[in-house]
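Look at the two complexes coming up: chain A is in both, with chain B in one and chain C in the other.
Let's turn to the complex of A and B:
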């Protein structure tokens, strides 16, 4: 089969060992690449005995079969590991150029094990693989490190950590191409624990499709569809991802002041419209992407950078009660330079603000204090003062001060910008997320708010389980190919299957792809079960289950999780305890997990 | 039918209710403002009044007599598709929000 190089680069930082091992092609067919292949490899490599910040944990960087073909958005890649924030499976993906360039080096995946004695950079070029000293880079920010290592858009690409990862901050991101992030679950801390500052890739190999004519036809057709859709050709390029800020606020589902309210009175000031009107310099695109949703912005103090996108604008905005767009934007830049997950950072600051207002921590912090935002981020990256608590993530911080219920997280992963009391299906997505509360693994914004593909009642619970499951499986397969989910606004799974067929030379149908998605989702579920997670972890913060929204269009609602969960387990072919049944595991070619499921 | 409801219906015939319409995304530039006050007994009437004299705005919202694909209209945070669509009755002080095609998250 074409599409895969058939090679995995396996580096052990403890002894400097560098090996090239063959990719099991049956594994590739079943899990494709990206998140799926990462989960399958992690299953074998990292068991429940492994502490996430120990040398025994691994980082697995994976591309997919379509990566670097030039198919629209075929730039993305994935990292898999065990999360130091959640102790669940960790997967995160990112765009830009680095993933495409890793594929061009001739490897489908890169496994990094062990721990270097002192800081190192891995360099993968046509001349070979080398481990280089990084003493001079340790302590530097992401921007300086990226420049120092010779980032060059289409030729040489840098992935690295900032001070947050070095200081083992549990919400630290890995950054690539300067301002793109593998953010959620603390992968930056895992990289820091290995004394690995950066990975530089330079490649020359091409991912040539097996059926060139069909591939070119699909490239043309996909381009037409992306251009014809007002979502991908107008909405995202004109206003970026933050254009949804106002609609989510309008329906009463924009979490405000640590989810104490569900509408922010100044949402418009931090919206996509405000970004376009006030700070936008130009759009930018990832490699091979015609959508161009990235915003290059400049603040009044002449600072320039990428973003903020929707989640970051919300996290430092509504979640913290802050309406100062310039400060929010600079907070986003600073997180990129420190190497921090903006969602977890903003959410954790909001949690600290509520703890302080309630007198649970000895600090004069309160909602709306824009002037404190940048210092709080720096203090987290360097573990100074209250930043030392925030570096542990909101759950550990809130628990330390006796109020774990004030952490707006699931499985310790901070929630993104949706109040599920106003979007019941989103509550089910968050509660069942394999990496914790996550909007990237089955977002219900489409069906519950934007009528994509059609509108369903956001307050209804019955029937949501099936829709959530399909969205979760679809997201899992897109993350395994690896495509950007925004292509799915204009292009259906059928097109992904036809493109995969053209690239690999082997027939894949849309049904095959959805089964890959279900297989990946189920394997992640079993990974967490092996780690000791049970149905008791499929839950939401008490506030969302028991405190009705106090005003606005979602007034009076809590999340009715129990009936949705019961329906969800049944729809997925799991038992009442949320454990996949043996026949389901056999159907998904996951027989090797049966012992774990029923131990 | 109670007197109160009857009076409300009576008022709606005789005194045109004034509603606030909020526009988002590119509709703001097309309309020239993010907010308007309009009258109308139904969403359709209010939108027709909003678009009167602005064909570009009409074209951005309507495809003939129906809404363009992906355009969402909400009344007090509730999508009108879940009510009676463009024929949904509206009342004094209702807030109408119109979103052009948007995506993100």
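Let's turn to the complex of A and C:
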């Protein structure tokens, strides 16, 4: 089969060992690449006995079969590991150029094990693979490190950590191409724990589709659909991802002041429209992407960079009660330079603000204090003062001060910018998320708000489980190919299947792909079960289950989780305890997990 | 039990299917999947006059007493849910599409909207054309690659995440078929306006 190089690069930092091992092609067919292949490899490599920040944990960087083909958005890649924030499976993916370049080096995946004695950089070029001294880079920010290692868009691409990763901050991101992030779950801390500062890739190999004519036809048809969709051809290029800020706020689902309200009175000041009107310099695209949703912005103090995305603008904005777009934007730049997950950072600051306002921590912090934002981020990256608590993530911080319920997280992962009391299906997505509260693994924004594929009642619960499951499986397969989910706003799974068929020369239908998605989702579920997670972890913060929204279009609603969860387990073929039944595991070719499911 | 919101969706779409001529008064059927159950129109209920009591809840897999009242095509619906990621199914009898299916192995839209939405609708042939195992096998297999298919001389099966989505494909199929038929009756040569249109046959 074409599409895969058939090679995995396996590096052990403890002894400097560098090996090239063959990719099991049956595994590739079942899990494709990206998130799916990462989960499958992780299953074998990292068991429950491994501490996330120990040398025994691994980082697995994976591309997919369509990566670097030139198919629209075929630039993305994935990292898999065990999370130091959640102790669950960790997967995160990112765009830009680095993923495409890793594929061009001739590897489908890169496994990094062990711990280097002192800081190192991995360099993968046509000349070979080398481990290089990084003493001179340790302590430096992401921007300086990226420049120092010779980042060059289409030729040489840099992935690295900043001070947050070095200091083992549990919400630290890995950054690539300067300002793209593998953010959620703390992969930056895992990289820091290995004394690995950066990975540089330079490649020359091409990923040529098996059926060139059909591939070209699909490029043309996909391009037509992306142009025809107002979301991908107008809304995202014009306003970026924050185009949904006002939309979410209007329906009463924009979490505000640590989810105490679900509408922010100043949402328009931090919206996509405000970004375009006030700070946008130009928009930019990742490799092979016609959507161009990235914002290049400049603040009044002449600072320039990427962002903010919707989630970041919300996290430092509505979540913290802050409406100062310049400060929010600079907070985003600073997180990029420190190597921090903006969602977890902003959400944790909001949590600290509520803890302080309630007198649970001895600090004069309160909602709306824009002037404190940048210091709080630096203090977190360097673990100084209250930043030392925030570096542990919102759950551990809130628990330390006796109020874990004030952490707006699931499985310790901070929630993104949707109040599920106004989007019931989103509540089920968050509660069942394998990596915790996450909108990237089955976002219900489509059906519950944007009418994609059709508008459904956002307050209803009956029938939601099926739609949530389909969206979770779809997200898992998109993350395994690896595509950008924004293509899915205009292009259905059948296009992905036909493109995969054209690339590999082997027939894949849309339903074959959906089964891959279900397989990946179920394997992740079993990974977490092996780590000790149970149905009790499929829940939401008490606030969302028991405190009705106090005003606006979602007034009076809580999340009615129990009936949705029951329907969800039944739909997925799991038992009442949320454990996949043996026949389901056999159907999904996951027989090797049966022992874990029924130990 | 069917809740009020879901009942209203069935009722409204059922009425629209009947009044737009996509099926006869009692023909066709539709269902949704809820958890590990299927809610399906009962056998013989009128599409245009559906009441809450016209729906049957039955298991997704295995047998139960629900099958005594469920639509004749329940076996096909079950097979489709088993083999595809469908959450809703509509089976209707759109007359122009049925007419075209009598002489074609596939219906390829010539209008812009139909090309965008459907690209190609395959036509399958089944000897025992109602509620048979063979029909369940052939139809569900065909729907693994397409969101709507025609059974020659019988009708269409359409799938979606919601009933509304499945209805959209049925409605679009009949529009596509009307345009093909009317253009053929007009007898004039078509001026091709779609780049790569020859590739739709390979879809």
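Throughout what follows, the second predicted complex is superposed on the first by the 599 of 599 C-alpha atoms of A that agree within 3 Å, B and C clash if a C-alpha of one lies under 4 Å from a C-alpha of the other, contacts with A are read in each partner's own complex, and residues count from 1 in each chain.
FYI, a contact is a pair of C-beta atoms (placed from the backbone, for glycine too) under 8 Å apart; a residue touches a chain by one contact, two chains touch by 3 or more.
As the structure is a prediction and not an experimental result, all values here were calculated from the model.
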Is A:234 touching anything from chain B or chain C once the two structures are fitted on A? First, second, both or neither.
first
Taking the superposition as given, does A:570 touch the first partner, chain B, the second, chain C, both, or neither?
second
In the superposed arrangement, which partner chain does A:8 touch: chain B (first), chain C (second), both, or neither?
neither
State whether A:445 touches chain B only (first), chain C only (second), both chains, or neither.
first
Where does A:386 make contact in the superposed view: on chain B (first), on chain C (second), on both, or on neither?
neither
Partner chain(s) touched by A:457 [first = chain B, second = chain C, both, neither]:
both
Kindly classify A:158 by the partners it touches after superposition: chain B alone (first), chain C alone (second), both, or neither?
neither
Between chain B and chain C, whom does A:338 touch in the aligned arrangement: first, second, both, or neither?
neither
A:252 contacts which: chain B (first), chain C (second), both, neither?
first
Show me the chain A residues, by the header's touch rule, that chain B contacts in one structure and chain C contacts in the other.
457
Chain C-facing residues of chain A, complex
214, 217, 220-221, 224-225, 228, 447, 453-454, 456-457, 460, 462-463, 465-467, 470, 473, 494, 498, 509-512, 514, 566-568, 570-571, 573
Which stretch or stretches of chain C touch chain A in the complex?
3, 5-6, 32-37, 83-85, 87, 116, 144-147, 160-162, 164-165, 168, 195-196, 199, 202-203
Using the touch definition up top, name the residues of chain A that touch chain B in the complex.
230-232, 234-236, 238-244, 246-247, 250-252, 268, 272-273, 293, 309-311, 417, 439, 443, 445, 449-452, 455, 457, 486, 489, 552-554
Across the complex, what residues on chain B touch chain A?
22, 24-26, 28, 34, 69-70, 72, 74, 76-79, 81-82, 97, 99-105
